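Below are two complexes that have chain A in common, paired first with chain B and then with chain C.
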Partner chain A sequence: MNHLDHNLHLTIPFPNDRYSEVAVKVLRPDPILRPEDFQVEYKSKGNLLEIDFKSVDDRVLRVGVSSVIDSVKTIVETIDELDYM
Partner chain B sequence: MVNLNTVLPRNGRNYYLALGLEGSANKLGVGIVKHPVLPEHEDGDLSFKCESEIMANIRDTYVTPPGEGFLPRDTARHHRNWCVRLIKRALQEAGVKDPSRDLDVICFTRGPGMGAPLHSVAIAARTISLLWGIPLVGVNHCVGHIEMGREITGAANPVVLYVSGGNTQVIAYSEKRYRIFGETLDIAIGNCLDRFARTLRIPNSPSPGYNIEQLAKKCSDKERLVELPYTVKGMDLSMSGILAYIETLAKDLFRGNKKNKILFDPKTGEQKVTVDDLCFALQENMFAMLVEITERAMAHVNSNQVLVVGGVGCNERLQEMMGQMCGDRALGQVHATDERFCIDNGVMIAQAGLLEYRMGQATTDLNETVVTQKFRTDEVYVGWRE
Partner chain C sequence: MSTLPFASYSSPDLEKQFVVDPSGPQYQTTDGVTTGPSPHVLNAGQVDKDKPAPPKQMDNGEFTALGCLRAQLTGLQDDINKFLTDRMEHAKRKKAKLDQDKDRDNRINKEIKDLLDGGDDDNNGDDSSQ
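And now, the complex of A and B:
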């Protein structure tokens, strides 16, 4: 069993609780390809999106984090531009 | 009996409106399609006659420099950069002011295709689905092509030849599935053309296949064909050997390798073959293979209609050869569409997705919207056909 001892915690503030919940729901369904090397957990706490990464080494961590940040960017842009409510 | 009006339009409208998002390869497409509610759809196999109205059909292609193909990571970045802008433009064009009220369903490509580009579009699809409170349908890309082709051409039950950069399949409908009769055993025909275009270092704009088609038209002696491997394997095809062979020829041609007797006259050293001849020979050879297996599929299912879909389906020479074969069979017809619908687009995803939605096959559970690189045509339950 690998030790997932390379960790990172991200806190991303959204304008309101609804948006942070949307972000969690959008991100959560995608499976992690190698769960023995890399794990992610998404939580919404009020208006905050909290993401916990755990990984076997720095390289895997960096790749995983940057891919999640790319997705978060898409979500933020979509909320900014396409929420008509 | 098929009832296409199983799920009625939202908010008491007398029409359906679907948004389609496509991003399985290097094209990002957003389309909006409108279906009127028709009483005859309550009881009948009429999914090829939806009287679809195309409200918007926008596409942005990620074009790479000559000699280069598109890589998943860069393509995904392109889609992420453009996705929201294209959705916005499509809504404007279609005159949709409040999507949460005016749309019935959001359709996106769930597969098959490149993982990263598919995923980047799926993220946007999930987000707007949650923001607007509208259900999602994850569409099989191949089924999207088929349904768009049927709707545009009005072909009720054709044998489908699906030829594109990622897929080469001969498909016929039977018992609620689109069944694959024959397919490529290795690379797709469009992939073969694209990679040959890279060897020739011709531009990828508007598409590599289009540029090969133009070169092939310039071939001066169409009677003398450069011989290439002809690799039909039962109902299946193999294309990688042809590619390797013709790439060797092209490289010998560029290097001026006079030892190659196919390209140069052994006595005088005079060049016998041009790049145009190679393009022509490649097309003739591969299209003949496609026509052969398509004809056999038609004989199997007793059909006299062929529908050609997918990016390579725009090729006029392929359409012509298919037409000749159909003409030789009693009253055969070939149906094809132009580049707006042949090449990947969002409208086709909206069309197929809306049919699924109308049969009650939509979802609000995001766990069912995970994209998949491998998603075979016959995995889809075709509820909208008899």
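And now, the complex of A and C:
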């Protein structure tokens, strides 16, 4: 088992609880290609989306974190266009 | 309760916090510098068809709350990407130095071993009397 000792914690405040819950539901089904090298966990705490990344090194962490932030930006834009008042 | 995105990094040798300054220009655009095509590709004439839309604006011209959030995430993503890229370069240089040191140590050890092993023979290349 590789040591997943390169970690990043990301907190993203949404305008309300529902949006952070929607984001978790959208992000969670994405498969992790190499779980022995990279893991990610999504949680909704009130209006906050909390994301924990664990990785075997900085290179894998960079790829994984940037990819997830890209997905979050797409979710934010979609809500903004279709739901936000 | 926090109103801005926030990130914290930790590894065995370093911890770092990433904070968003909403007044900083890099947190007011959705056009990140570490995402999208490289300058090399753009300079070669490629048109970026996947360029993100700018933050959504309200009637008064201000960004919507989610437009602000998307721009702040873009800036935070750039900060994290740049930091981790620097860390990768640092790790690469460290490994190259270690490899170099290891090669040097191996070479010195081999020379010492050759000297010790060859000390009895005293073979200087001119000895053809055998």
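Everything that follows uses one rule, which is that the second predicted complex is superposed on the first by the 83 of 85 C-alpha atoms of A that agree within 3 Å, B and C clash if a C-alpha of one lies under 4 Å from a C-alpha of the other, contacts with A are read in each partner's own complex, and residues count from 1 in each chain.
By definition in this document, contacts are C-beta pairs under 8 Å (C-beta built on N, C-alpha and C of every residue); 3 or more make two chains touch, one makes a residue touch a chain.
Nothing here was measured: the structure is a model prediction, and the numbers come from that model.
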Check: Who does A:Val56 touch here: chain B (first), chain C (second), both, or neither?
Finding: neither
Next item on the list: Decide which partner touches more residues of chain A, taking chain B and chain C as the two options.
Entry: C
Next item on the list: Using the touch definition from the top, say if A:Pro31 reaches chain B (first), chain C (second), both or neither.
Entry: first
Next item on the list: Would you check which partner chain A:Glu81 touches, where first means chain B only, second means chain C only, and both and neither mean what they say?
Entry: both
Notebook entry, point to check: In the superposed arrangement, does A:Pro15 touch chain B (first), chain C (second), both or neither?
Noted result: second
Next item on the list: Could you say whether A:Asn7 touches chain B, chain C, both of them, or neither, answering first, second, both or neither?
Entry: second
Note to self: Let me test your reading of the model: by the given contact rule, A:Lys73 touches which partner, first (chain B), second (chain C), both or neither?
What the structure shows: both
Next item on the list: Check chain A for residues that touch chain B in one structure and chain C in the other, and list them.
Entry: 70, 73, 77, 79, 81, 84
Margin query: Looking at the complex, which residues from chain B come into contact with chain A?
Written below: 76-77, 80, 83-85, 87-88, 97-100, 119-120, 123-124, 126-128, 130-132, 366-367, 369-370
Note to self: Applying the document's contact rule, which stretches of chain C touch chain A when the two form their complex?
What the structure shows: 1-12, 30, 34-35, 52-53, 56, 64-67, 69-70, 73-74, 76-77, 80-81, 84-85, 87-88, 91
Notebook entry, point to check: Where on chain A does chain C make contact in their complex?
Noted result: 5-15, 46-48, 57-59, 61-62, 65-66, 69-70, 72-73, 76-77, 79-81, 84
Margin query: Which residues of chain A touch chain B once you look at their complex with the stated criterion?
Written below: 22, 25-31, 70-71, 73-75, 77-79, 81-85
